[in-house]
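Here chain A shows up in two complexes: once beside chain B, once beside chain C.
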Partner chain A sequence: MLQFLQLVASGVAQGCIYGLIALGFVLIYKATETVNFAQGDLMMVGGFLGLTGTLAMGMPFWAAFFAALVVMLFFGMALERAVLRPLLGQPAFTVVMATIGIGFLARGIVTMIPEWGTDTHVLPVPYKDQVVHVGGLVLSMEHIVIVAVTAMLILALYLLFKHTKIGIAMQATSQNQLAAFYMGIPVRRINMLVWGISAAVSAGAGLLLAPITFVHANMGFIGLKAFPAAVVGGFGSIPGALVGGLIIGVVETLAGFYLPEGFKDVAAYIVVLIMLAVKPNGLFGENLRKKV
Partner chain B sequence: MRFLFKTDYQQDIRLFKHGGQAFWYSALAVALLAAPWLLSDYWISQLVFIWIYSIVSLGLMILVGFTGQVSIGHAAFLAMGAYTEAYLHAHGWPFVLSLGFSALVAGVTGIIVGLPALRVKGMYLAIATMAFGFIVEEGVARAEHITGGNAGKMLGALEVFGIPIDSELRMYFLTLIVLALVVLGVMNLMRSPTGRAFVAIRDSEISAQSMGINLARYKTTAFALSAAITGLAGALYAHKLRFISPEQFTFLQSIELLIILVVGGVGSIYGAIFGAAFWIVVQQLIVLAKDWLPPGIGQQTGLQPTIFGLILVAFVLFEPMGLYGRWLKIRTFFQLFPFYRKGLFRRQKSYMKSERLK
Partner chain C sequence: MTDVILQLNNVESAYGPVKAIRGVSLKVARGSIVTVLGANGAGKSTILKTISGIIDPQKGSILYHGEPIQKQDPAWIVRQGIAHVPEGREIFPLLTVRENLLMGAYTRPLGDKAAVEQEIEQVYGYFPILQERAGQPAGQLSGGQQQMLAISRALLARPTIMLLDEPSLGLSPKLTHEIFEIIKRINRERGVTILLVEQNARVALKYADYGYVLEVGRIVMEDPCSVLREKEDVKEFYLGIKDSGVRGTRRWKKKKTWR
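The block that comes next holds the complex of A and B.
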C-alpha cells in the first residue's frame, strides 16, 4: 500500500509537468484553434534559458526561473507575430505544419548554440536531493516543488482569467473571435499574448522537469505525451488539461511498475485511444455539434 | 492557352486530357527507361528511394490530400508492410504473393486505425493515429521473435519470377513498375465514384453526408487504401535497405512523410512525387554540402533539422500550394502571357474558419 502511494506521489509530480505542457496546448487551442506541435520544444528552450541564467550569468535559481519565463513570454509573442499571424485564416493543417517546422528549427538551432549543444546538462537547483518524510512516505523535494509551483502557476492563470481585463478579453476571444472583434477587443494582440503566456508556461514546465531528467535538445519530445493529457481532459478545457496530465502521469508511473517492461512508454497512448473510443470529447470537454 | 471543349463524359475521365500531355508523358517514360544507363549507380540508388517515397506519399496523399483526414502515424503502416514482407520472405513466399500480403496486412490495420475516424475528427483523429504509431513502434521493438527487436532484421536476396534482383538497375525497374502501377491505380481511383466521394468528404463532411455519401464506409476505405499502399512501399523499402529496425519507423518518420506532402503540394498526385523527389535530393545535398562547408557549420548535428524546419516554414508561409502549385503558377504565367495577374491563385481568406459551434 505504501509503495502504491509512493508511486502515485511521483506520478502526480510527473503528471503536473504533462499538465503544464497540456495547459500550453489548451491555451493556444482555445484562442486560435491551432494545435501547437512545438510546445515541447518551447519547453526545451525554456530549460536551456534557465541553464544559461544560473550557470553562465550566475543568477540564483529562482531569479533565473522568472527571467526565463519572461524571456519566453516575449519569444512566444515574437513567434506568433512572425510565423503564425501571416497564416491567420488558413486551414488548420497548414498551421499545424508550421508549428512542426518551428519545432524542427528550435531543435536544430539549439544544438548549434555553443554553450548549449547536443550534450545533456545538469541544472543546479537549491533543493537538489532533499527528501521529506510524511508518515512513512518519502517524498523528494523536486516532486514537492513541481506540485507547489504548478499550483501557483495555475492560481496565477486563474486570477488572470477571472479578474483582469486582459483575461476576460482572452475568454471572450476564445469563445467567439468575430464577436470579440466587434466588441473592440484587439483579437490579434490577444492571440499574440496567448502565445506568449503559453510559451512561458511551457518554459516553467521545462525548468521544473530539468532537475529530474536533464536539459538536452531532445527533451521536447516529452511534450508529445502532453497530447494524450490534453485529449483525456477535453482539448478545450483548462482544468481538464491539468486533470488529464495527472491521470496520464499516474497511469504511466503505475504501468511502469506493475506491468511488463515496455508498457510505461505506451501507457499514455493506450489511455488516449480508450478515451477516444469511449468519450471522444474528454472528461471536461463540451459536447457540441456543428450546425449547417 | 489551350481550351478543352468537353463534349461527352468519356472525354472528362480520359487519362490524357489532350495530345500535348500524351506526348510529354511518353517523353518522360522514355527518359525514365533510359535513365539507368546515363546515371551512376549512386544516383540510380537515390532514384530508387525517390520511387519508394513517392509510393508512400501517394498512400498518405489519398488520406490527407484527398480525404482530408490527417494521420501522423503513417510510419506504423510502413513498418507493418516492411516487417510482414521480411517475415514472409524469410519463410520462402514468392515475392508477388508476399508483396500483396504485406499490403493486405497494412490495409487491415488501416481499417482498425480508421475506426476512431468514425467518431472523432480533426486534431483528435491526428492524435489517435499518433498514439497508434507509438504503440506499433514499441510493439515492433518488443516482439523480438518476429521482428528481431531493436537489433533489427536482415533480409535475404530477392527474386521476382525467377529473376534475381541483385543490382541497383534491377531494383530501379522493380520499384519503377510498382510506382507506375500505383500511380495508375490512384488516378483511376480519383476519377471513380469512390475517389470523388473522398474529395467531397474533404471539402465538407456535412454536405457530403447530405448528398448520400456514407461517411463511415468511405473514411474506412480511405484509411484501408492509404495504409495498403504505404504497406506496399514498406515491403519495397525493406528490400531496398536489406535491413530494418524500429528506428526507421519512428514518429519523426511520420512527420517527414507529412512534410513531403506539404512541400510537394497537398491534394494532387504530382505533389506526392515532386515532394518525394525534393526530399531525397535535399537530403543528398545536405550530405554533399557537409564536405565543403566550414567544419564549424558542416559538422553540426543540428544542421539537418534546421534546414528541414526552414524549408517547411518557408513553404507554409510563402508557397502553401507546394512545388506543384508553383509549377501551376509558372505554367499559367506563360499560357496567359502577358495577362497573368498576381491574385490569380490567391486563396480566399476567412477571418476564422471555426470548427466550433457558438
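The block that comes next holds the complex of A and C.
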C-alpha cells in the first residue's frame, strides 16, 4: 500500500508537468483553434533559458525561473506576431505545419548555440536531493516543488481569467471571436497575449521538469505525452487539461511499475483510446449549443 | 432631414466575388429610428457590417458626424459611439450575463468603472430578467433573453447610434413587441439613434420613423414609415396585404414598380 501511495505521489508530480504543457496547448487551441505542435519545444527553450540564467549569469534559481518566464512571455508574443498572424485566415493545416516548423527550428537553433548545444545539462536547483518524510512516505523535494509551483501558476491563471478585464476578454474572444470584434475587443492583440502566456506556462513546466530529467534539445518530446492529457481532459477545457495531466501522470507511473516492461510509454495512449471510445468530448468537454 | 448623424454614400461591399450591396446611399437623422427592410440576401446585414468595420467597402464613403469612417478598425468605430447588435445575438455563451455586459463596456476606460456599474443597474431596469440571471452562463438563457442581453451589452458601450440586426429573429410576436417597446424607450429616453434592419416589416414600420427598402443590394424606395405603410408595393410584398381589384380578381404576377 505504501509503495502504491509512493508511486501515486511521483505520478502526480509527473502529471503536473503534463498538465502544464497541456494547459499551454489548450490556451492556444481555445483562443485560435490551432494546435501548437511546438509547445514542447517552447518548454525546452524555457529550460535552456533557466540554465543560462543560473549558470552563465549567476542568478539565484528562483530569479532565473521568473526571468525565464518573462522572457518566454515576450518570446511567445513575438512568435505569434511574426509567424502566426500573417497566416490568419489560412487553413488550419497551414498553421499546424507552421507550428511543427517552429518546433524543428527551435531544436535546430538550440543545438547551434555554443553554451547549449546537443549535450545534456544539469540544472542546479537549491532543493536538489532533499526529501521530506510524511508518515511512511518519502517525498522528494523536487516533486513537492513541482506540485506547489503548478498550484501557484494555476491560481494565478485562474485569477487572471476570472477577475481581470483582459482575462474575461480572453475568454470572450475564444468563445465568440466575431462578437469580440463587435465589442471592440482587440482580438489580434488578445491572441498575441495568449501565445505569450502559453509559452510562459510551458517554460515553467520545463524548469520544473529539469531537476528530475535533464535539459537537452530533445526534452520537448515530452509534449507528445501532454497531448493525451489535453484530450482526456477535453481539448478546450483549462481544468480538464490539468486533471487530464494528473490522470496520465499517475497511470503512466503505475503502469511503469506494475505492468511488464514497455507499458509505461503506451499507457497514456491506451487511456486516450479508452477515453475517445467512452466519452469523445473528454472529461470536461464543453458542449453548449447555439440557440436560434 | 436635418442633423444627419450617419450617412452612406454609394457604398459597395462584397464577400469575395459576390457583391452584396451595390451602391447604397442612406441617411440617419440624429435621435431617429431608421429601418432598412429587405428580403433574405438583400444585403441588409452587410450594410451594418460595413458600417461597423467588420467588412471594408470597395467603394463609397460612410460619414459619421460628417467625418469618413470607412476602412477603420472595428474597435475604433465602437469607441466613436457606434454599437452593433449582431444578427443571431452572438453572446458569449460561457461567460455569465454580468460578464457579457462588462465586455460590452470593454472600450471604455478603467476610470469609468463606477459609471459602468451604474449603467448595468439601468440596463437591469429595462430587462429585469437579466438581473435575476446575472450570475448564470449566458448560453443557458432563452433566445429572447439572449436578445435582451445582446441589446444591453451594446448599450454599455454608451453608443450614440446603435445598429440592430434583426432583433425579432426567432422570437414570438409577443416577445418581439416587448423588445421593440424597449428599443423605442431606449431611443426616446436616452436619445440613442437607431438603425434597424428587419425582415419583419410590419413591426419595423410600426416602430421606426423613416424607412428604406432594399432589394438585391440596392435601395429601391425610401420614405417616412407612415407613408411607406400605405404604398401598394410595400403592402403587397412586405406586409402581405392583398388588394383585390375592381373585378374581385388579382393578376397573379405583378411587377413591382416601387411607386
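In this text, the second predicted complex is superposed on the first by the 286 of 292 C-alpha atoms of A that agree within 3 Å, B and C clash if a C-alpha of one lies under 4 Å from a C-alpha of the other, contacts with A are read in each partner's own complex, and residues count from 1 in each chain.
By definition in this document, a contact is a pair of C-beta atoms (placed from the backbone, for glycine too) under 8 Å apart; a residue touches a chain by one contact, two chains touch by 3 or more.
Just so it is clear, the model here is predicted, and its values are computed rather than measured.
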item: Partner chain(s) touched by A:89 [first = chain B, second = chain C, both, neither]; value: first
item: Touching partner for A:184 - first (chain B), second (chain C), both, neither; value: second
item: Which superposed partner A:272 touches (first chain B, second chain C, both, neither); value: first
item: First, second, both or neither for A:176, with chain B first and chain C second; value: both
item: Which of chain B and chain C A:2 touches, first, second, both or neither; value: neither
item: Per-residue contact with chain A, leading partner among chain C and chain B; value: B
item: Partner chain(s) touched by A:168 [first = chain B, second = chain C, both, neither]; value: second
item: Footprint overlap on chain A, where chain B in one structure and chain C in the other make contact; value: 175-176, 178, 181, 288, 290-292
item: Chain C partner contacts - residues on chain A that touch it in the complex; value: 165, 168-169, 171-172, 175-176, 178-186, 286, 288, 290-292
item: Chain B residues within the chain A interface of the complex; value: 64, 70, 115-116, 119-120, 122-124, 126-128, 130-132, 134-135, 138, 141-142, 206, 210, 251, 255, 258-259, 262, 266, 300-313, 316-317, 320, 347, 349-358
item: Touching residues on chain C, where the partner in the complex is chain A; value: 52, 54, 74-79, 84, 86, 88-95, 99-100, 102-104, 106-107, 110, 137, 139, 141-143, 146, 153, 157, 169-170
item: Chain A residues within the chain B interface of the complex; value: 29, 33, 35, 83, 86-98, 100-112, 118, 175-178, 181, 217, 221, 224, 227-228, 231, 235, 261-262, 265-266, 268-270, 272-273, 276-277, 280, 288-292
